[in-house]
Amino acid sequence: MNVWYLIYRVIIDDIIFYPPIYQFLIIPGLIAALIVALIIIWFERKAAAFVQMRYGPREIAPKIGGAIQLVADLTRYALQEIIIPETVDVLPYLLSPIIMIILALLPLEAVPITSIRTYYPIPPDYSLLIAVALSTLSPLFIIIMSWASNNKFAVVGGVRESFIITAYELIAVLGFLSVAAMTQSFNLVQIVNLQMSGKWFGLLNPIALLVVFIAVLMSTSGFPFEIPDSESELVAGPYTEYTGLLYGLNMGGAYIKRWVFSILITIVFLGGWAPYRPTPGIITGYFIPSLIISIKALIVMAIMSFLRSVYGRYRVDQALGIAWEILIPLTLVAFGLGLAEAYFGII
Amino acid sequence: MVGGEKKLISIQDSLKNVLKDNIISIEQAKGYIDVLVPTDKLVDSAKKLKEFGFDHVKSVTAVDYIAKKQFKITYHISSYLNEELSKYIIGLSTIINRDDPHLPSLSKIWVSAEFQEREVYEFFGIIFDDHPDLRLLLLTPVVAALKPLRKDFVVKEESDNIEVDYAAYNATKWW
Amino acid sequence: MSKSEKGNGEEKGKVYLADLDTVAEEAKQMLMKGTIGKMVDWANAFSLWPVHLMTSCCGCEIGAAWGPRFDNERYGSLPWVSPRQTNLIIVEGTVTKKMACSVRITWDQMPYPKFAVAMGACSLDGGIFYNSYNIVRPWQVIPIDVYIPGCPPRPEAVSRAIIELQKLLRNKSIASKWITESKREDMKNIIPKEDLCGWRGEKVDLHTRFT
Amino acid sequence: MASNISSGSVPHLPGMEVTELSKNTYEVYIGPAHPGSGHMRIIVEVDGDVMVRVDPDIGFVHRTMEKLAEGRDWIKNIPLFERMAILDACNITLPYVEAVERLLGTEPPDRARYLRTLLCEINRIASHLYGMGIFGVFLGHSTLYMWAFGDREVFIDLAEQMTGARLTHSYPVFGGVRRDIPDDFPENARKATKYMRNRLNEYAKIFLNNPNIRSRLENVGIMSKNLATELGIVGPNLRASGVRYDVRLNEPYEAYGDVEFEIPVFEEGDSLARAWARVEEIRQSLNIIEQAVDWLEKHPRENFMHEKFWKTAPKLYKDVFSGQIDYAGKYRVKLMPLFASLKVPPGKAFARVEAGRGEMVYYVESDGEDVPYRVRVVSPSFRNVIAFKYLMPGHRLMDLPAIYGSFDYFPPEWDR
């Protein structure tokens, strides 16, 4: 036993692979989210370009098809001048993007990403409920942001955001809970274990998956629900007054929110680490399942991004109508379907 | 073409029937029929023409005859709904004094004249009485004060040798 | 401590630990000298986002330049909606006296480092409207980096301007220079904003810069 | 600043006067540097999410063409007026040319009439595609924008082969056109029309029949037949409201009396009908292009200029048309020398054509000099702008782009 080995073990086991840190900062947390944002934004632009008979970003690195385009954009944002207009409410204006990005990542602390007991960040008994509850916090700071900006476009965007979060929260929560009704458990580990046989809940209860998918699109203002920052009448919505790094944080926040929801969808509906059975050990028990979940979630996000090139955006009252009049009944149907499947023992 | 000429004459006759003694002169210009009426009978003539079927204004044109010290305002009107009338364009014109240009507005009769009257107002300084919303449309107040389309406002003449005086540009404040 | 007494009577009685302005300035200077300066130049070169500011008819060719056939997004350039998040103005042709104020305000709303491209003969010297009573030259309104001649310039010329601006950024590192200096030298040739926006009849003070 | 200006009778300016708002409303300034406006400003008073007062504030691109025209030679005004809407250049300058021709008393020869018709229709398609692309991006549909702008390049290429310029063709001149088409043009034109017909079906699939877009456009901005007439709306917007009026039909100019086409008329009058009207018009324009190209192919090359001007043509022109030099379409185009010293007989003329966005109107007055005495231009966009004031109130703020885009705005055109 030499000292270096001990230090190495401490760093690996107790710092990097210490579950709260690992899940918050590495995979599927901040670093993975950044890499995912890099891939997804590149994919979004490239896929749109493919549909639109163009090349998309290319000249920055022609050999890899301009894949590092976001690095340039982020570097520019990070080192641009930060303008703080005289009319804004400075403290909330500065703090809310930072708080938003932290809160957006917070649900990952509640999500177990392996079935090995030593790698749970928190006891997983009610993890689904806690994750969903935590995910509803960050939109509040978008509203604060828009109010602090003291700009008409931002305020209107914030009002729209608040309309939409009230609509989608109910749908997302009920949609996720329909799975809890099926399994009679809020335990995400148990939910994944039940899907090990290949009967993913996305296949058993496709209505719930669809409803949650649409709710996530609404909450993260993806097309066709890009309403709070709808550019053709509200310049950039709640983010209108933000410059440089703060705007980068905002954009990052939106993507992280979508990323967190994608991970939840993956675990609840798409079998989590399903084909793979984790065995004890850091690599096989923690690293590989987290990687599998990330890749599945990446595919979910790619589908969400691709919708940009097919749809325009709905009007705010239409989106709310879709939410309250169509999706909520549909969620109840999904809930009923889940109960029925549980009753007849299909699971 | 001969048939067209005949029709034009017949439309002139029917115009004379409609407007009766409002008409000072009626003349076949190239592409439209110019009907000159006195200013105080402009509104009356417009009402009669609207009843006759001319339902929109194509253009409100003011021409500055600086030598005669008068403006001529022409409302080019035509019809959308009446297919027969839509082949003709009538220029309902009136002549006003250049020094104190006042004119009754026709935008209550033809809503389509509203913006065009605003435009004539800012370019010529002609005031349309009873206009619902007589404000500037295209220009800034400073430029509009010059009344740019009047003939006594002269822009720099065109020449083949364009002289650019950058120092002068920097020195002058444009407004 | 050193510069705490700036002379204004209002600031007496306040205690300064250090002059944040000078400290920030020094930190900037230090940062910009090494690799970070190069990174800024590189990032700006491949991320020239023009703001949506249509001033005149050259906008048609701008549309075509970012359209499928000429696709300027290849150079990492993406038309963006709001001035606060962009770093490039493309002045598309004539700037009228009414528009000049808006151009200037948009320029002021953008964060440094920022660049301007003037497109079309009208933006050089008035073009076909050189004797018009309602136009200004764009170089009187904002400082221009690259001019594109033509009436209207072809979309290829717009791409060329983007490439020229990239070359300026990479070879002369103008982006990092402007971050350290926080202002441009050639602003002195510009008509003051009070004159540009005077016709609006209001007190225009949109000086929102924090530094 | 404002105090020392002798503003005289100029009291106030849109957007700058202080207006008292009722308690629950607020004003939003959309433009001029706003992604949803282009080169104009729309001042909107909003109550909650509903617009209650809309005030278009235009003139940000006013380049004083009417005044400049009074100081320029007759022929030099053609490129000047073209700058109103460079994407629709032939249609925009054609009525000026026609009005001056009426004053001169020169009728263009048949070949010139067909050539003008051909370029007008090519321009109309390009202009409609431009409008549809902008409309798409207003609704957040970037794919339509890209597709429309990509397909527009096809027709811009055709126009370039024909005239030598992408946008600013200056093609119709007094008494004829500037030059003839190259030999391989008919083939390319047929290829383009075939391609475009297929593409239009795909547009319908991805945009007009897309449920998402339909729900945005249906029953939005309904303009009844009477309202459209009252406001004097022009072009496809008028025909989408059920009014059967098209200058090509009511007062056929150039070759439109000889070619067969239909005027698509829609009864609904909403934004979707206005979008469909453009698509159907593109179809009709493709038909006209094919007919015109057939005619041009069948008839031998003859002079494309009125005799009066043709007499003064450079030798190169005459050599080409007598068959001594191969027509390559590459030689430098020279104008007839007579244009330089042209003086137009005194008189007043009025001309209208159907441009891409609607009826284009010129009033030309000459006093026998080498410059016009007065040229009055009323462009289609200028007559459409009034619709925003009367049509938008009552709709939601998010309907603003849906209505605004459906009118196919082009501010440089209405500001002149």
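As written, the chain order gives the labels A, B, C and D, with residue 1 at the start of each chain.
Everything that follows uses one rule, which is that contacts are C-beta pairs under 8 Å (C-beta built on N, C-alpha and C of every residue); 3 or more make two chains touch, one makes a residue touch a chain.
Note that the coordinates shown come from a computational prediction; the quantities given were computed from them, not determined experimentally.
Engineer: Among the chains, which has its CA centre at the largest distance from subunit A's?
Structural biologist: B
Engineer: Counting C-beta pairs in contact, which comes out ahead: B-C or A-D?
Structural biologist: A-D
Engineer: Distance between subunit A and subunit D based on Cα centroids, please, to the nearest Å.
Structural biologist: Subunit A and subunit D have C-alpha centres separated by 47 Å.
Engineer: Could you grab the centroid distance between subunit B and subunit C? Build each centroid from C-alpha atoms only and quote it in angstrom.
Structural biologist: Roughly 43 Å, centre to centre.
Engineer: Please tell me the distance, in whole Å, between the geometric centres of subunit B and subunit D computed from their C-alpha atoms.
Structural biologist: Centre separation, subunit B to subunit D: 22 Å.
Engineer: Counting only Cα atoms for the centres, state how far subunit A is from subunit C in Å.
Structural biologist: Centres of subunit A and subunit C (C-alpha means) sit 35 Å apart.
Engineer: Which residues belonging to subunit A are in contact with no fewer than two other chains?
Structural biologist: 52-54, 231, 235
Engineer: In subunit D, what residues contact two or more other chains?
Structural biologist: As it turns out, subunit D has residues touching two or more other chains at 2, 5, 13, 34-35, 59, 62, 64, 67-68, 71, 146-147, 150.
Engineer: Counting only residues that touch at least two other chains, what does the list for subunit B look like?
Structural biologist: 138-142, 148, 153, 155, 157-158
Engineer: What topology does the chain contact graph adopt: line, ring, star, complete, or other?
Structural biologist: Looks like something else, not a line, ring, star or complete graph.
Engineer: Mind giving me all the chain pairs that touch?
Structural biologist: Every touching chain pair, ordered by label, is A-C, A-D, B-C, B-D, C-D.
Engineer: Over in the complex, which subunit C residues touch subunit B? Could you list them?
Structural biologist: 97-98, 125, 130-134, 136-137, 140, 189, 191, 195, 198-199, 201
Engineer: Quick check on the complex: what are the subunit A residues that touch subunit C?
Structural biologist: It is residues 45, 49, 52-60, 66, 69, 71-77, 79-86, 231, 235-236, 239-244, 247 of subunit A that touch subunit C.
Engineer: Per the contact definition, I'd like the list of subunit D residues that touch subunit C in the complex.
Structural biologist: Residues 1-2, 5, 13, 16, 32-35, 38-39, 59-64, 67-68, 71, 79-80, 83-87, 130, 133-134, 145-147, 149-150, 152-153, 156, 166-168, 411-412 of subunit D touch subunit C in their complex.
Engineer: With touch defined as at the start, can you tell me which subunit A residues reach subunit D in the complex?
Structural biologist: 48, 51-54, 152-153, 156, 223-224, 226-227, 230-233, 235, 308-318
Engineer: Name, in rising order, each residue of subunit D that touches subunit B in their complex.
Structural biologist: On the subunit D side, the touching residues are 2, 5-14, 17, 58-59, 62, 64, 66-68, 71-72, 76, 99, 102-103, 225, 228-232, 238, 243-245, 250-251, 347-352, 359, 361, 363, 365, 373-374, 376, 378, 382-383, 385-386, 390, 415.
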